[in-house]
Every structure is written in structure tokens, then in C-alpha cells.
């Protein structure tokens, strides 16, 4: 199976409010694009990160993006999200954004599984069923440790 | 006392991410500018709308802005906020945005005082002390009914 | 023909970054929702407001929204946009946002047709073909004057 | 001279619209915080990245942030920006965000100097005077190569 076939895909357009005076999508918008794809993956897996927020949540510990070519107003782009790495308490997602055949850029985000205890978030082990559902939805072989 | 002297003033600059491909501040940014001035007024009054959110909150029921001249990247602007009207359960703020001597536009926002009951927000009477503090901070004569 | 059947419809979900600490979509987000529906209407009409920005543009002169019930994370909502009024040089759009059978709110935006002359925007008459295409796409009888 | 003394400092508060349903500043907001500090550094140096956008601009090629502790509504935070690395055609800024004595996180952004030629951006050598002014404003010894 080819690497290209893997990953969950999320598509949408660049909106006017996401452009800046340079005429391209603002560099901070790509972090929202990645998050939207992550949350669409959760929905595909029959999960909602919104429900998780009630009892704890998945705060980010790291996010990064490398920009290759700009997106402009109304460009339709596709974000592919994969599960790049699992540790005991964190998931690292990897993202590729394409605009037709053009590589827009690649990024990563790492989120930690937490539970709320006395108003504080404490890192806990990844729930097995959540991991399995996300892996199935991402169509990716586990890189669990 | 002149009308010009009234109102609480909040100043800041237009940031790059707030511009759009037309080279001006995006029209939705002005609603954030108004809210920032409202919250600065609350702080001036020794209050925080963040604390209020724990037990209820002040959801908006209406917001409007009339645009007169655009703001551009790095323009320093001043938002003046007044308490335009008080009803039993709501506050209507009025805003004027200036850039030096240029009128950028005027707007209004109406917020309702609510309390959380069984997970639902229910409108309640405005707390007298909150109203008095906001009026003092806004330097405005009461238009209470 | 019923009034309900009129207007162009645009659907999407509330994203995580559009919520605030009150747990609902931030009140400024609704202005972006309205604009997205407007631009989707333009695309439906075979037009792009992005192209228009090169030679002039459609700056807003007024925007307003009345909030009836909140939207939450992942809620799917539908924005219906109609052409409410045409003047010689401006279009006023009217918007209704629904979440299933719940009225989220209603709003309006007025945009003026302009041409760039020596770096300044000057209001010009609405191009007839643009108006006709938008009216056809909005499925609405003209309220032209 | 201690490393702590270096860097240009930019302060502001977390605004309501920057929080999300988890009650903290949204992770994408930190990229705007970094950019605001970068642009404040440019102003401190007597420069404006807005003027640069007319003839070319400084598109980002990479941005990253590591999150250590969350920011909440109305928290006052301080971004310290340093020039971490200069290549022939790019500047890499390093950022530290503090909230009182608490480390909020650290990040980097790399921007390339470009000139517009026939509508395309082409990377060019860093202008010497821009580099010198930024270094002086950042109070940092050059790490030029």
C-alpha cells in the first residue's frame, strides 16, 4: 500500500478573512487548517474532541509548519492528516497541505491526553479505544510504542 | 461638560493578521475592537467579565457597525465607549473609533445579564453595583430607566 | 412561491478556534459566517469578489447581527443570504442563520461598488450584469430601484 | 552581559476572542503574538514591514511553538524576540513568552527577504541596513554568517 493512500483528507477553501495585505492566507491560518483536519478526523472516528474537553482535553505541547507555496483567496486546498507517532500520553499528527498538484506545506502538532483533577489538567495514558478509532479513521498502520 | 469628554478610551494598533487582501482591516475586526474596549472599561471599573462568565455571563443580543473610513496596518486608533442605554436586564454600549482626526466609524453592542441555572442562561436584573462602577468608569451620566 | 424558498444557502460547522471561553461561537464569528455566505453566492453566480478587488472592490459601509440562540463547537449551521435592497451604488444583503430548526440569528451587510482611481476608492454605479447574476443565484425577485 | 537582558520586549493582554472553549488562549493565537512582537521590533528599529510588502515582502518559510503553560483571558504576557540566526536571505527570530514568572512557551519564525518581479516573489540578499537596525533594536550581538 502506498504512503500516498494513507491519511484522512479534509478539504475547504481559503476565506477572505484569512487573507492578509500581502494577498495570501496569513501564516497563522495554517494552524487552524491543521486543527480543523484533526477534528474532522475525530468525527470520522466517531469521536468529538469537544466532549473530551469536559473531563480533561488534549492541549497542544508543540505545533510547527513549513511553508512551501502560498494559498490565495478562494483556493481549494486539501489537508491530509496522519498519526505520525504515539507515546504513552501523546499523539503527534503530521499534516500535508496540497493545492491541486502544488505542495503548500507540511506541519506537525503534538497533543497530550489529560484529565481534569481539582481544576488542574494532569497527563494520563492514551485511551486504547480512542487510539484505535483514530488509527482506523486515518487509515494508517500504528506506530505505537 | 462636553459630550466629547465622556466615555472611556482604549487605544491600540492594527495588526498584520487583521488586514485582508484589500489592504485594510477586515470588517469583522471592528467587532473585536469594540469588545476589547468594553473589557478595558470593565477593568477600569475594577471588574472582569471573565469572572462573570463563571456564574452566567453577558451574551450579546445585538451588534452593529457603520464604516466611514478604513484602517490600515499599524494605524493607531482610539475606541471611545459609552453606556448608551440601560434596560432592566441589558446594557447597550455605543462606540466611536477615531484614527487621528478621521472618523473610522461608529457601532453599538447590547449585552444581557444572565445567570446559569441548570446549564441554561436566564436573563436577570442588572446588578446595581456593576452598573454604578461601569458608569463611573465611562465618565457618563446615567441613562438608567 | 414562499419566502422560505428564496435565498442562497451556505452550510458549514463551527470550528474549535471560533469558540470562546463561554463555550459558544464568538459573536464576531457571525460576521465571517455572513461574509462566507456572500462570497459563496458570488461563486454560485460565476463571479469572484477577489477579482473585483484588483480594480476597486466592495467595501462594507454597514454590518449588523441580532443574536437569538448560540452556536457551539461542531454545530452544523446554514446561512441563507438574500439581496434585500439595491441602491444605485450599493447592495444590502440579508442573512438568516439556522441550526436545524433553531433560529441562530439574523443580520445585514451593505457593500458599496467602488473603482480605484489614483489609489483612492470612488463609488460607482452597480454593474448591471453583476446585479443580474447575483439576483439569479440568490433566487430572489429584484428589489431594484 | 546576560542572555536574559537581550531581546526586544512586547507586552499585551489576552483578549476574549482569543480564548476557546477550553478556557485558554487558542494555540494558533501564539503565532499572532510572535508576529506582533516581530513587527513591534521593526517599528523600534524605525522600519515597517508594511512598506516592505509593497515591493516584495518577508514571507515565512517556517514557524513553530512549544507550549509550556496556558494563557487565560486578561493575562498580561511578555514576548521577548531575538534574532537567532541570519543566513544570506533569511532571518530566524526566536521568541520567549512569559506570564509573570511562568514560562508560557518558546517559538521560532523564519522569514525570507523577497522582491516582486513580474508578480512573483524572488528571494534576495538581506539589506544590510535592515539587518543592522533590527540587531540594534533587538539589542543582540549579530550571529551573521
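In this document, chain identifiers A, B, C and D correspond to the written order of the chains, with residue numbering beginning at 1 in each.
The working rule: contacts are C-beta pairs under 8 Å (C-beta built on N, C-alpha and C of every residue); 3 or more make two chains touch, one makes a residue touch a chain.
The model shown is predicted, which means the values in this text are computed figures rather than measured ones.
Undergrad: More C-beta pairs touching across which pair, B-D or C-D?
TA: Here the pair linked by more C-beta pairs in contact is B-D.
Undergrad: Would you identify the chain whose Cα-based centre sits farthest away from the centre of chain B?
TA: Chain centre farthest from chain B's centre: A.
Undergrad: Where the centres are mean C-alpha positions, what is the separation of chain A from chain D, in Å?
TA: Averaging C-alpha atoms per chain gives centres 24 Å apart.
Undergrad: Determine the centre-to-centre distance between chain B and chain D, using the mean Cα coordinates as centres, and give it in whole Å.
TA: Each chain's C-alpha centroid was found; their separation is 29 Å.
Undergrad: Could you please state the distance in Å, as a whole number, between where the Cα atoms of chain C are centred and where those of chain D are centred?
TA: Between these chains, centre-to-centre, one finds 35 Å.
Undergrad: Would you give the residues of chain B that are in contact with at least 2 other chains, written as numbers and ranges?
TA: In chain B, 16-17, 21, 24, 28, 32, 35, 50, 72-73 touch at least two other chains.
Undergrad: Based on which chains are in contact, what kind of graph results: line, ring, star, complete or other?
TA: complete
Undergrad: Okay, in this complex, where on chain A does chain B touch?
TA: Listed in rising order, the residues of chain A that touch chain B are 16-17, 19-21, 23-24, 26, 28, 72-73.
Undergrad: Can you list the chain D residues touching chain B in their complex?
TA: Per the touch definition, chain D meets chain B at residues 15-17, 32, 35-36, 39, 43, 48-50, 72-74.
Undergrad: Which positions of chain C touch chain B when the two form their complex?
TA: Answer in residue numbers: 21-22, 24, 27-29, 31-32, 35, 50, 53, 57, 59-67, 70.
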